[in-house]
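One chain, chain A, links the two complexes that follow: it is found with chain B in the first and with chain C in the second.
On to the complex of A and B.
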């Protein structure tokens, strides 16, 4: 494909007056605009690029070749759990009987869909060790907000005013952001040198403000991929002070099949289906952030909910939608998040994943993810600085190259990886180290894939010594070389026409 | 290598204050600008705003991360370094020469909690 030509922006390919269609010239357009208020009508035509269809197709096909996804190669983006999205998930979600549903259609006409929905709620509850789940939240951060709303409703129901949320300083940025959006005040809990929660600091905070603490938010393993071995002590301390424990499911993959947040004493949690349960990330489809609660908090879950109606005599059980009135016999909460039931297509994929693995194989997910990460850790720690020794869970954090004298940074290593056909790991996060390089292989990768990646990482460490300029100016084999990220951050240009004007 | 200028007082969160009479010039240390990398934006308070020791008064954004600015001392902002609005990279070029805010200090005893250059250098080496 001629990248030089079709790799241009679609605006640059535009030729005035060129068309990919022809319409009758005597076409009467008045009826298409007649009902619109005058103020909303365009005074001049939209400045759209003008191209013939073949040019458009070549341009976008060219762009699609520049994409990189899990289906193209190893994608060790730490903290993101970029696991493979099995094809069977897409097949199931694409079935007409599912894809054509309307959220308001009568329950008796979509019993199968409601059954899937109900079974996923139940499966997640079992895997998490909690009582019930809502699937309504539309993404992970939306789940965090929903979980905090549930916690707030719980305290309000007890006439308690609790406004503070304890969050470890290693936490992902969405935790404090969600707390702030929920109108709660964030209090930071310090970490120890080994990256885990400083329980002495937590104890001190609880003695100072325990009566005001609504919840503590944690992920386990934490953002550094380290298991919080003091978790039982932590949950007990917070519970004693009257607060609830929130589990951020971001790192659930490490635990899948091994242990459960509910058993660690967590009261509320969210799960990112796009991480742990193999549904697509970001551009691959909408998200889903189911929220689960322990026994005693079910009445605070948002509506609507899908409930099971027990079978009568010889019949089958059936499923119904509880809109918050009294299908389930109890009065539901008045909480609602998002629209209707969340993103059902994503739930189908997650449920297909759970069923295709089955009870036996799902137990292997966590252990294999942890094994892969530790294998990489042990084999790379000769060339890359490992700030926290010992067992990691599903991801490993290095603090850049061991040999800092070459001036080659984590950014340079990440850029050089692109030349070798790998997606870069997460860099400069977590913030606890200056040169963070965070690798999460997931359980999907074969030993051959991981070995090849390790070889390339060693080769880059060698290049940093023998030819540092090569690494500092990488990437060299990609369609676009090193991007000026300072200029991009300072002068973000988001519309092409602005450039043309200037 | 990071510079540690003598005569300034430093906080654990890597801000410095240059005390001149009743005023303090507050900025980020050279060590901090090194750690942050290329600074692309500085979020500053307004003149007459109050700042409190140990509390956030703005933020520095770099290509790597956004970091809160924590006031090393309390007082009233009398001037902000407007040059940083258009040229945040001045912090990378000379962190000590480009203070961020000038504060009329309200409690000089807060100086005692801060570190001198030598103690701060040791803190950074930890």
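On to the complex of A and C.
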């Protein structure tokens, strides 16, 4: 990647009269937009850039050199599961036959696409130990919202008013935010010193308000990378109170091959295909957040749904899209969470991944990811403070340096890592510790890569003692230095047009 | 070992030894036995890369997955993007990176988001845009939440009946569970019924009004005066606009909108069976701190360089938890890059040409179909852009089947007799003539049957 910044904006490369496209001109122009009443037209043309093709190609190629991706190096960003994004999957998702499909074309003309869609639903159900999945949600948070909607629809169908959702205090901020969007009131469940759910507190909450509890949301392994060993007891307690158990699939990667949310008693869950199933994060999407439910909740899944139509005599089974009936805008009994049926292009990649690994390799994913994380934990706990001893799962959380005497913080360690060619771990999350440093290696990283990372982490710990200023002023080898966040929020310059005004 | 797992037997033994375990199984000793998976997954065995290719080639073989000549729209349009776009978004530095939390090694992503925000702001005329939403429907639903949470004493949010029913269904879902009463304002001849709207507004308690432009039926509505009426009620005016058409059409800002939302798929993104596309959301400056999603802003680094960074994060879920403006985190970033590169290439003139070609094609096709004598305008006299509705006199399903048999997706059925057709710059004069011919032939066969 770049050592110096390529800092242009495309607007600054624009010159009047240049163009980067060619379109057919031999069409019937007997109608033009000039026919439209003037009241319907914009006054000034949009100030979009005017650039030739090579200028555009160079600009975005140079911009890409300011970026660091999984293909550039180790990306141990905790809770984000930055695994390798297989190249073959990109090729399959780009097949013209898929790219050119309109979502409303007749099912007879897109059986192949529907088959992939249906089989992915079924594969995820098998991997999760649940009954059925919808692939409509576009991201993890979208999946959470969809799952909570399913839960609320279930309670509504039983004429029960349940408006509270229990969420461990260690949870990611998305959980309470999704609950709020869904109109639910958040009640925090305390954690024990070992980072797991305080079941006594949970019991107390359920006895106080059990009849109002719609659900409990849980991540397991939790955000500290620790398996919630009381999970069976927890799911039983919540079920007894009439609530449903929601599984946040953000950390599912740890469990592939070893256990399934459905078998732990969860009723509803989402999976991040862009974490566990290797689809690229793309700098923040498009992801995919399929939602699964246990038997008995299928009718609350959102429309549209891809369904299998059983074979008639001697024929083959076929696939169809059930769009539902209440497209009138009245909600009726039907739920919908997107324009069409989700990010199909992402699903193709996830399904190609499942087929590539097959059942015999998928079961190795969790164990290898967990091995890598525990190896890092054991080898770094001499220099970094391990707040909770014992086994971790796919990720390990340290509470900063053991020796904090020189004032070097987790932020400084993270920034210094950038100098050595690594992406930083997740920092200052979970909130349970002041100096959280969360490392998730994934199953794709080799012992050599991990050993080299461990060496650098040790070296930084050493630098923190011998030359703390070097660490506190890091990074030094990146295209830009530390940024002024306060200025950014204060001036709020969020478009080029405001740049020009200032 | 499998090709994505680098662990040799020797590596495994050394690493296990460091962790004090004998097998990887023991690393799961903290999982209660009743929760352990003690069976094989019921999934197929691994496919080699060659077999994987064969599998997908068979799935996409003609007959199984067939690309039709597309005259369908209804929220998903068959526009063209120069090949540069797909090539550049595949660069692994963009593709395989995460949300740009570490600004020092993410300026590529932060730059293009800033450019995307600038382009959306320019197309819509709004002051500020976010880094993208999942799609146009959820963006609209988020705008409704924004209007409701901004209101003091409101009783409902108004939705025009001329909004795509697929979008309305999503808005209705979000609103129902968030506890927002919605009221549908009926349509007259395919456009919002101004008398009905006036009555609704006169009743008071309006947190906001949402309209679409062009509306679901392709009609370009005249929203003159509506913003003032909504603002008099202290409500928020939300315009869902097709950004491709905004090269020519009056902007949401010019209509007086407070919030502009929409689906950006029309900016050259392949249809891909409905996704991924990209939702956008933009607003006036005074609502900036109510806007959901990621926002990138300009600042400086400690070397004095102009740089970009995620900003105004006090709105977001990872800081504010249940008090956040939304729960959105991941959005459709790579598709925002797609649109940004597309708009950089098309530029000021290109996007206008796309609009003109679609407009010209749609109007000429409409004239030819009317001339067959089997169609009449569903909404007579209404101005439309590149999509329009016609009522067919015969059996519409049979007609659509016939067209599909010739490899044509003749449009989307939006009523018992109503066909909605869209034309983009990709549709050639020959394709339009052939569609008309197939329909004429079909007409002849129907007459003789």
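To be clear about the criterion, the second predicted complex is superposed on the first by the 415 of 502 C-alpha atoms of A that agree within 3 Å, B and C clash if a C-alpha of one lies under 4 Å from a C-alpha of the other, contacts with A are read in each partner's own complex, and residues count from 1 in each chain.
By our rule, a contact is a pair of C-beta atoms (placed from the backbone, for glycine too) under 8 Å apart; a residue touches a chain by one contact, two chains touch by 3 or more.
As the structure is a computational prediction, the values presented were derived from the model and not from experiment.
Within the superposed three-chain model, A:472 lies out of touch with both chain B and chain C [touch as defined at top].
Touching more residues of chain A than its counterpart among chain B and chain C is C.
When the shared chain is aligned, chain C comes close enough to touch A:69, but chain B does not.
Look at A:489: by the touch rule set out above, it reaches both chain B and chain C. By the touch criterion defined above, A:381 lies against neither chain B nor chain C after alignment on the C-alpha atoms of chain A. Contact with neither chain B nor chain C is seen for A:239 once the two complexes are overlaid on the shared chain.
In the overlay built on the shared chain, the residue A:434 is in contact with chain B alone; chain C does not reach it. Overlap of the chain B and chain C contact sets on chain A: residues 429, 485, 489. Of all residues in chain A, only 428-429, 431, 434, 485-486, 489-490 touch chain B in the complex they form. For chain B in complex with chain A, the touching residues are 35, 37-38, 40-41, 61, 63-65, 88-89.
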